[in-house]
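Here is the structure we will look at, set down as structure tokens.
Labels run A, B, C and D following the written order; every chain starts at residue 1.
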Amino acid sequence: MYGGPVKIFGAELAHPVVNGSGTFDALAARRVFGEQLDARFPFAAYVSKTITLEPRPGNPPPRLWELGQGMINSIGLPNKGLARFIEEDLPAYAMLPAPLIVSVMGFSGDELAAAVEALGERSEILAFELNFSCPNVETGNIVGSSPEETAAMTSLLRGRTEKPLIAKLSPSSARPDQIALAAEQAGANAVSLINTLPGMAVDPSGGGPWLGGGGGGMSGPAVRPVALAQVSRVAEAVEIPVIGMGGVSCGRDAREMLDAGATLVGVGTENFRDPAAGERILAELRELNQSSVERK
Amino acid sequence: MTQACVTAPFGRRSAPVRSIERSGPYTFLRALDAAGPKPRAGQFYMLQTARGWGGGDDGRPYLPRALSFARVEQVNGGLELTYFLESVGPGTARLAACATGEELLIAGPFGNGFDLDRTRPPVLVAGGVGLAPIVALDDKIRKTDGARSTVLVGMRDGERAAAITKFGVECGIATEDGSAGHAGYVTALLERELEDGHDSTVYACGPPAMLEAVRALCSEREVPCQLALESGMACGYGACYGCVVPTVDGYARLCVDGPVLPGDKLETAIVKGAGH
Amino acid sequence: MYGGPVKIFGAELAHPVVNGSGTFDALAARRVFGEQLDARFPFAAYVSKTITLEPRPGNPPPRLWELGQGMINSIGLPNKGLARFIEEDLPAYAMLPAPLIVSVMGFSGDELAAAVEALGERSEILAFELNFSCPNVETGNIVGSSPEETAAMTSLLRGRTEKPLIAKLSPSSARPDQIALAAEQAGANAVSLINTLPGMAVDPSGGGPWLGGGGGGMSGPAVRPVALAQVSRVAEAVEIPVIGMGGVSCGRDAREMLDAGATLVGVGTENFRDPAAGERILAELRELNQSSVERK
Amino acid sequence: MTQACVTAPFGRRSAPVRSIERSGPYTFLRALDAAGPKPRAGQFYMLQTARGWGGGDDGRPYLPRALSFARVEQVNGGLELTYFLESVGPGTARLAACATGEELLIAGPFGNGFDLDRTRPPVLVAGGVGLAPIVALDDKIRKTDGARSTVLVGMRDGERAAAITKFGVECGIATEDGSAGHAGYVTALLERELEDGHDSTVYACGPPAMLEAVRALCSEREVPCQLALESGMACGYGACYGCVVPTVDGYARLCVDGPVLPGDKLETAIVKGAGH
């Protein structure tokens, strides 16, 4: 049965479709789409855009580059910082019709620990996603591509909250399974992958990088084969649940993620092409139950 | 700037092409929106074709494309939206190649739209395809409010200037090649207009260099202006944080905080990567 | 000036366009296209398909999966083994109108060393490419994704031949620059990148991997942003020349590789779409000289 | 099997569509090859359209597609090649959607082709689009050599059986739905044919299951057979090693060592991932 309720982190989610961090701003969407958004909220749990201790403006424009089957972004984690997140956004997120997963990132273990600690007992929050793998900030992807550093960071945070921790892994590794195992052994309750692949685009007017941040992160259908390979390899290695994402744009893609071993499926870039992508993908996934006799 | 009071239907929806006309490099694309609310002048939609979106030399387009509506009319079955576009890349080329009856997928209306100040005479300035939201604003001022406006339009050449007569908008014209109206930039017309028009508000849309000239001029003359900017957009509804432009208050997402920004919020209207 | 002669490894190549290993079988092509192939040989140097000490049948079919902007292959390094390579292929390769670079791979240092040693003084060979990064054999990509192992392997081989060594790096790393530096310090004379990205495709008839080898390697325009990012990062880090490849399919793509710091440009998957891709890409690259005033 | 004696022009070349006809699910696509040599029956070409190759739901097709030629005629300006295809995915769908005059890019002819044994009566067996190289071989036997052949064709249904009459090939027919000719598989016709045809050679092309039935039957009757197989191909000229099929001598690249293989080189004609 595809598309049914999922038990995870002691909660029951209505279905397995969630958003990828940073690909759906529920607060902006509610302003744009009004109350229909609540009635048709497309995700079983909502993952916030990654926040950091201090506010960040993000990278200078241009931040986007289109590919034939995806895009490269150099957003650079713009966010209002922890204090204003707690004051302004957390109450608003709490009113969403889906449990909240807060994505956090830090430029040091202490920074990350401070953020997790400050939020660690908030009842609005179901779980934390630890973004160990953002290619758009200097040190973003380094921690996550080392099993040792991923383990060290996870252990450090494990002591700061009772809430479930999801380690968002780096895709920049020949052994994502080892990174996932390191996170599991250090106390992570789930892993999510893949984050965007580091990539670059050249200014067509000649020379130099196009993106304001120099490089960026590639996402969308172009990265789906990489995501499937890593998700299936990781899911074989760990016992904890896997949140699989990368290029999912239809029900069939979601099914392939689930078949590869994911417990939840994240939808990212497809949200940009279709604001209700989550809803559509879930519907398509459920329709596949009818045709699931086809499966070997 | 106040937030848009118009909320968009959630998701994207099917909109059949009712007609498509080409004139010189421009395309007038009319689509039936059976489900959307009446948009506000300056708002925009994200468009893609239901089939064959992709397949350019490098596989693009992949993301939907932002287009302002130029005209909206109540018709049988919904709203007829007129888009006005020039083919400058794979997305606009695909849209310009649509056939009547073909299915578009649209989302919107998005963005704030112009914030019409009814206490000051409106001066509308357009460059190239930037004419789209200016036609919409002019329609609103004249047809809806029954008021008057001054419209100034800059076009690259006579072919383009001839094409836009289809809109039937009364306007002053400037062409870069001098083949119609004033020979030069539309900002020369604006300069003349503002000589005795200190009490007006300027509403402008066009290429970055034009907008920047308008902004500088208005700032110098202390005339308030509202500029409809462009930037690369992935989503159009605030999800991706990709469309930011620098303002005096920091980066603003053009899709939700714009596309119309007051001139005094900008240090420059030229943003790397925006426009052509 | 784009597309002119290039000095490398003490030789002068007619231009910067070469093939990616395993994407052009010059001997088969000569049978298929006849003598025109020699007259219009599309590459300034010819890189052989990777050979191993022992013969290998390669992976079971299916070996191909098409993507919207590329493909995944699970070829698995089929080759006749060193002995028959020396006997049958080397003399034939020597007759090509372009210098020969032999790609070698081993399942242990000893194996690789034995192959390099056996070929190390052959005058038919300009240089060796050390394939540290094939995703289609069990241990293929592991060595290449570790700076330490890349350095160790390169050192070992450095002692076995006077000929230039090109380390073909793994793309599965957040720090390709460190891997490249390790290769350089261990005595490599050049690095080449990127090899294919590990990826997977699911059998559309439902469940299970499509490819006979389970996973495979992704190539073509879909990986070009990753290639550009890695090539530019590596080229900044090392002094030795960089052979840049990944998704190059036109002159503009080749120019972007060169601008990113590559000395030679490799053409891989595009050869499948156009047997004379190398010739066309070179011509397009040279045409860009006319328009190079556009460049900033 | 001897190697093809026909070498292909190096690279891909432009070939305009001279005509395109559709009949039921089948398409007859005729292209002008101004530069290629006369191909041998059983050889194939790699085809793509010059524009809009790509843009299906998942962005495909990206690689060229292998198609046997069904007929070749000397015309003004070169050779007219007839391809016979069924739209089963993005590549064949795009080819079937071509317009007259549109530009194809073709490479080839590739592969070995059938190795006609003139000392034994030829029995030709086709299934579905596998008819293409069989028509070519029949043309060669009848028109070029002025000899005789027996052609047996299996089709899924009456619509398909009707479509192929356009080729004007005299043949025995079997349809799976019984709407024309023998009701059932073409192998039943072959079985009957071979009852007193021990001295013939069988040449066959069709879906894997059919080829396997032909192979097994011929092996049992000790009749030599040549099977034109299919497998996924990226390049068509030996570059990618992607098209291998297992033979008694190990993996063979179907594009250069085939697509025609002697039945006795195969343990089975069914290869995972090949055919539909």
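Here is the rule we go by: a residue touches a chain if its C-beta (ideal position, glycine included) is under 8 Å from a C-beta of that chain, and two chains touch if they have at least 3 such contacts.
Since the structure is predicted, the reported quantities are computational estimates derived from the model, not experimental observations.
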Pair joined by more contacting C-beta pairs (B-C or C-D): C-D
Whole-Å separation of chain centres (CA-atom averages), subunit B against subunit C: 48
Geometric centre distance via CA averages, subunit C-subunit A, whole Å: 34
Approximate Å spacing (C-alpha centroids) for the pair subunit A, subunit B: 34
Contacts with two or more other chains, residues of subunit D listed in rising order: 54, 56, 58-59
Junction residues of subunit A, two or more chains touched: 67-70, 221
Category of the chain touch graph - line, ring, star, complete, other: complete
Touching residues (chain side subunit D, partner subunit A) in the complex: 54, 58-59
Residues on subunit B engaged by subunit A in the complex (per definition of touch): 3-4, 7-12, 48, 54, 56, 58-64, 105, 107, 110, 231-235, 237-246, 250-251, 253, 256, 271-274
Residues on subunit C engaged by subunit B in the complex (per definition of touch): 68-69, 221
List of subunit A residues in touch with subunit C within their complex: 65, 67-70, 72, 141-142, 144-145, 170, 172-175, 197-203, 205-208, 215-216, 218, 221-222, 225-226, 228-230, 232, 256, 259-260, 292, 294-296
Partner subunit B, residues of subunit D touching it in the complex: 52-56, 59
